[in-house]
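Have a look at this one before I ask anything.
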Amino acid sequence: MIEINEIHPNPAGIKRVAVLTSGGDAPGMNAAIRAVVRAAASQGIEVVGVRRGFSGLHRGEMHLLGPRDVANTIQRGGTILLTARSRTWRTPEGRAEGARYLREWGVGGLIVIGGDGSFHGGYHLQEEHGIPVIGVPGTIDNDLYGTDHTIGYFTAVETALDAVDKLRDTGASHERIFVIEVMGRHAGHIALDVAVAGGAEEVFIPEDEKPIESVVEIVKQSVEKGKKGSIIIVAEGYDGGAQAVGDAIQAGTGLETRVSILGHIQRGGSPVSSDRILASRLGEAAVYALMDGQKGVMVGRTSGGITYTPLPETWQNSKDVSHDLYRCARVLSI
Amino acid sequence: MIEINEIHPNPAGIKRVAVLTSGGDAPGMNAAIRAVVRAAASQGIEVVGVRRGFSGLHRGEMHLLGPRDVANTIQRGGTILLTARSRTWRTPEGRAEGARYLREWGVGGLIVIGGDGSFHGGYHLQEEHGIPVIGVPGTIDNDLYGTDHTIGYFTAVETALDAVDKLRDTGASHERIFVIEVMGRHAGHIALDVAVAGGAEEVFIPEDEKPIESVVEIVKQSVEKGKKGSIIIVAEGYDGGAQAVGDAIQAGTGLETRVSILGHIQRGGSPVSSDRILASRLGEAAVYALMDGQKGVMVGRTSGGITYTPLPETWQNSKDVSHDLYRCARVLSI
Amino acid sequence: MIEINEIHPNPAGIKRVAVLTSGGDAPGMNAAIRAVVRAAASQGIEVVGVRRGFSGLHRGEMHLLGPRDVANTIQRGGTILLTARSRTWRTPEGRAEGARYLREWGVGGLIVIGGDGSFHGGYHLQEEHGIPVIGVPGTIDNDLYGTDHTIGYFTAVETALDAVDKLRDTGASHERIFVIEVMGRHAGHIALDVAVAGGAEEVFIPEDEKPIESVVEIVKQSVEKGKKGSIIIVAEGYDGGAQAVGDAIQAGTGLETRVSILGHIQRGGSPVSSDRILASRLGEAAVYALMDGQKGVMVGRTSGGITYTPLPETWQNSKDVSHDLYRCARVLSI
Amino acid sequence: MIEINEIHPNPAGIKRVAVLTSGGDAPGMNAAIRAVVRAAASQGIEVVGVRRGFSGLHRGEMHLLGPRDVANTIQRGGTILLTARSRTWRTPEGRAEGARYLREWGVGGLIVIGGDGSFHGGYHLQEEHGIPVIGVPGTIDNDLYGTDHTIGYFTAVETALDAVDKLRDTGASHERIFVIEVMGRHAGHIALDVAVAGGAEEVFIPEDEKPIESVVEIVKQSVEKGKKGSIIIVAEGYDGGAQAVGDAIQAGTGLETRVSILGHIQRGGSPVSSDRILASRLGEAAVYALMDGQKGVMVGRTSGGITYTPLPETWQNSKDVSHDLYRCARVLSI
């Protein structure tokens, strides 16, 4: 029989925590909110939900969130707490307003679900006003140091892959080249995964300064090998994006080339299981972190389990794409 | 007990038919090819598959297709016979070459799966060389007169709707406007269905010359009503497309507006049941039509059952969008 | 420019209507509720939502539903108004209670979304208490006379088809027979559509008393033809169900046979576009029907447009499966 | 610029390898076959595909597989090499036949994609005939020691989760209990993941001997908390399965309870990205392992990268479910 200890010690004496989502929305954010609310409830801690991220925080858009309020949300895309950008939060005055509201609500810590920009916003609050802040990595780009994966990443890859599978139908039928741009302004994680899983001929990522012309030779070879249609994946952050790559192919090979920019659909949709599970674990971990007296860290998950990374490290370091996987993409496109 | 008569009379004495797919690929084309091959086999008729549409026909890219060759294809997107554009086919010489190959193969009729451009190509062949041609409506746009729906249409709507559902997650979370362009160069069928099914605030179609400015008022009202995020659907063929509509909204309301052009993903993917069933019925009907001595007609399906429409009528007439549905879209966006 | 007249005449002087869902839930019920609420609102009519079907009606579980209350529901499976069975409603006393509540709320008509059992319940109410009742066909089985399709049917077929596609992967890999039971207690509509769209070898429906032994010969032939794996579809209502068919095949052929009963997953999921559109149209039509002074009819949709069928006819008549499609299933399984 | 070395040293002097799939099929097996074929081709090594697993091996059902033969297979469920059970292989004579064929084909090593039963079969071959065997973990159950995940597992979880999401629609609408049985004869990995991702109230796995009666109390509490409908997940290998759990709930609470056994659909479908990527990496690694002179090991993937586990360890050890995740499932069901 497996022993479960559901009670987590609470040396920090936390009685109430606040939670918000910030930055671009990511599938699984609701699962993370739900996990925060329910893990807290299981420990007798109350949760205050802040609407519209930091923008709502400095305006005091807050309300109590109970376990039933997050029922039937684990499978929902987007974020029930809404998200927004806030210029006011970048000012000390804005943050002071937010801190005032948090104190008024008697909150012992703030959980910020978002990317490194959002962690920045939270970190300033903690530095200036002493309110403990815990980051939960929620962004589709997977570009956060300190966790193997970020919440939303798996779903974004799946959505992009589904699109690639569809485009391949047309590419193969018309023996056409498709150049597909996926999200990733600063990182090629999505692009690389989609390239391997989609059986792409080539992938362009911001981490590698591979000259655009190389693709022309690759496409030519691929046609000579008898391939029907080719799929080229380009990360948004690669210089020039998919359009530049497509233009180069069209000019260099004369083959019919189509450019497809997948865009925002990659942010939406019901989260896949891996994102829901990761969000559930990290949401739970964030509550325990506050109870343990942690502050100014991001909870992450690596093979070894839950980890804490000081917030500044999440934006000072970058997370490399896997070179092994990059080789795998190349080797299997033979 | 339901009596089934599987034997269809064959006054035309057909022994062999050819089949090709032409124009843009559409989900369900494989189901139609399969139906042609198997319906023919069930009547003791052989089928010659032509690869790469008319382009392959004038080059003689042909081979026999048996019932096992189309096994496990009903669920596949694209077309196993490939498709291509052909300039040569637009010349009498090109068509003469095609006719020569068809006669060499002893073919008693040609089944063309595609849109009105493809039917045009087939019609010329019949006029000039006397080879009976039957059209099967395969195009995602649903813009063919003579059939309630075209093969591929249902899947395209479903794919676009899935994207709309995903974008709504983000739209609602950020309280943002999404302007989404769906396929339909000359017709608003996809756009209108997606608008109703996607719960859009507004839809722009080529059939209605509604001024672009009207959308600004609609979006403003929608915000006043308390709607979180708005979805606007624009058919590709509407003047200026989604970009123009998005620009107008951004300029007129100042609200954050995102434009998303869904593009070619709408052509791919495993066909939904309605497309597979329609393709199965029309592929079967095309074989029977040749056996009955029909020529120069498109087989279609309306509520009354299978219909024959002379090929020229398919491009001389247009199929209206439903005005009732157009009103429904408006009424339900309140 | 397409003229839209959004104002519907209201000779019946309707000011408020009630709506409920009853019987088994079906995907698209929420889209129908939304359409009722918004079509009513567009005509200045209020809507009272009744929770838990007739069971909630005789207990007075009612509340006003405005256009914003149904926001973001069109894509949701199940029914936000809940549904339940009610023994009390089968008694005159129970119905008198319900009528009393409806009068208290000042309701000019009741819209019942459900199947023929639910229409029965509504019809009694109208007969005994004079409250106009309009039926909206919501059931996955498609077994309602008076409409080409019922709300939920398209999604159920799609869900079952998706399962068939998945089972075929395994069936083909193991060269195994799969016997798959789909919903349809009294009708073979789902089974037949799934059989054609899934490329099944054989289909058993309640409408045809085909002896179970015939399947043995068909499966044997299918193996001789070189088919890898076979798919047999059985409607729930066929004598003995899938288990009996599977046992007969195993006993008669010695081939590895697996029985899969899809069950309740066919009721759930986000409705496909066809169900959302049908629900939107019929929900709108139900409101207009009350305004027109209709009572005791089901709104349906056939090729000709919206139709009214007296409620008793919906349960006194049955809707045949298409014999043409039945033949098509057989012909294409060659 | 990222340096890629595509050439792997070949001290073992491998010129040709054989590959087969064995045991229950799993989504991603085709991606693994493709990876073996293409990684080998990239190193100038030929690949012999064996059809129908060990059953085909002792009958010599073998053929060369080139890079184009595996085109367009990465997204396909099932296995293009087919799979089957073999009694003959359990005899020394059967294995001797297989060894003879492998030598005739000049094969320097055999790659077995499957579960521990299949590895057993391969191990005997190596022990008796000296042919190097490499195992690739392909089974949906994830119950193989020596790798964090097995190929097919992620897709199976996703398929089961999709079913749970659908059943919840009905469960919530009818306020009903659903007891859902997922695959896992000896292990609760799928069940636990699905429980957390599906927001289940309770999960029963073979690893924990929790008494069935405990569920009655949990369901009662869940109703008292105001939950609409409950989801209970049961692994196939839990004593009595879902039926026993469902019976206990019905008897103990009197609430309407439905049992749903998901069955074989969990094996099929297009593999999700995580399975395709894992399969690509492990297929590539298996080829390199043979080139490195490895034998009698399974290639696996853990956080640290590619690992080799002696085949006997894969069946002598068991892989625990995560106790942390088990607690998480409980905590979040509050």
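Residue numbering begins at 1 within each chain, and the chains themselves are lettered A, B, C and D in the order written.
Simple rule for what comes next: a contact is a pair of C-beta atoms (placed from the backbone, for glycine too) under 8 Å apart; a residue touches a chain by one contact, two chains touch by 3 or more.
In this text the structure is predicted, and so the values were computed from the model without any measurement.
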Steps needed, at minimum, to go from chain A to chain C via contacts: 2
I'd like the Å distance between the centres of chain B and chain C, where a centre is the mean of that chain's Cα atoms. 27
Rounded to the nearest Å, the gap between Cα centres of chain C and chain D is 37
Among all residues of chain B, those touching at least two other chains are 165, 168, 172, 228
Mapping chain-to-chain touches, which pattern fits: line, ring, star, complete or other? ring
Touching residues (chain side chain B, partner chain A) in the complex: 21, 24-25, 27, 76-79, 82-84, 159, 163, 165-170, 172-175, 178, 228, 258, 260-261, 263-265, 267-269
Show me the residue ranges of chain B that touch chain C in the complex, using the header's touch definition. 1-2, 4-6, 34-35, 38-39, 41-42, 67-68, 71-72, 74-75, 148, 154, 157-158, 161, 165, 168, 172, 193-194, 196-199, 207-210, 225-228, 270, 272-274, 276-277, 280-281, 284, 302-305, 323-328, 330-334
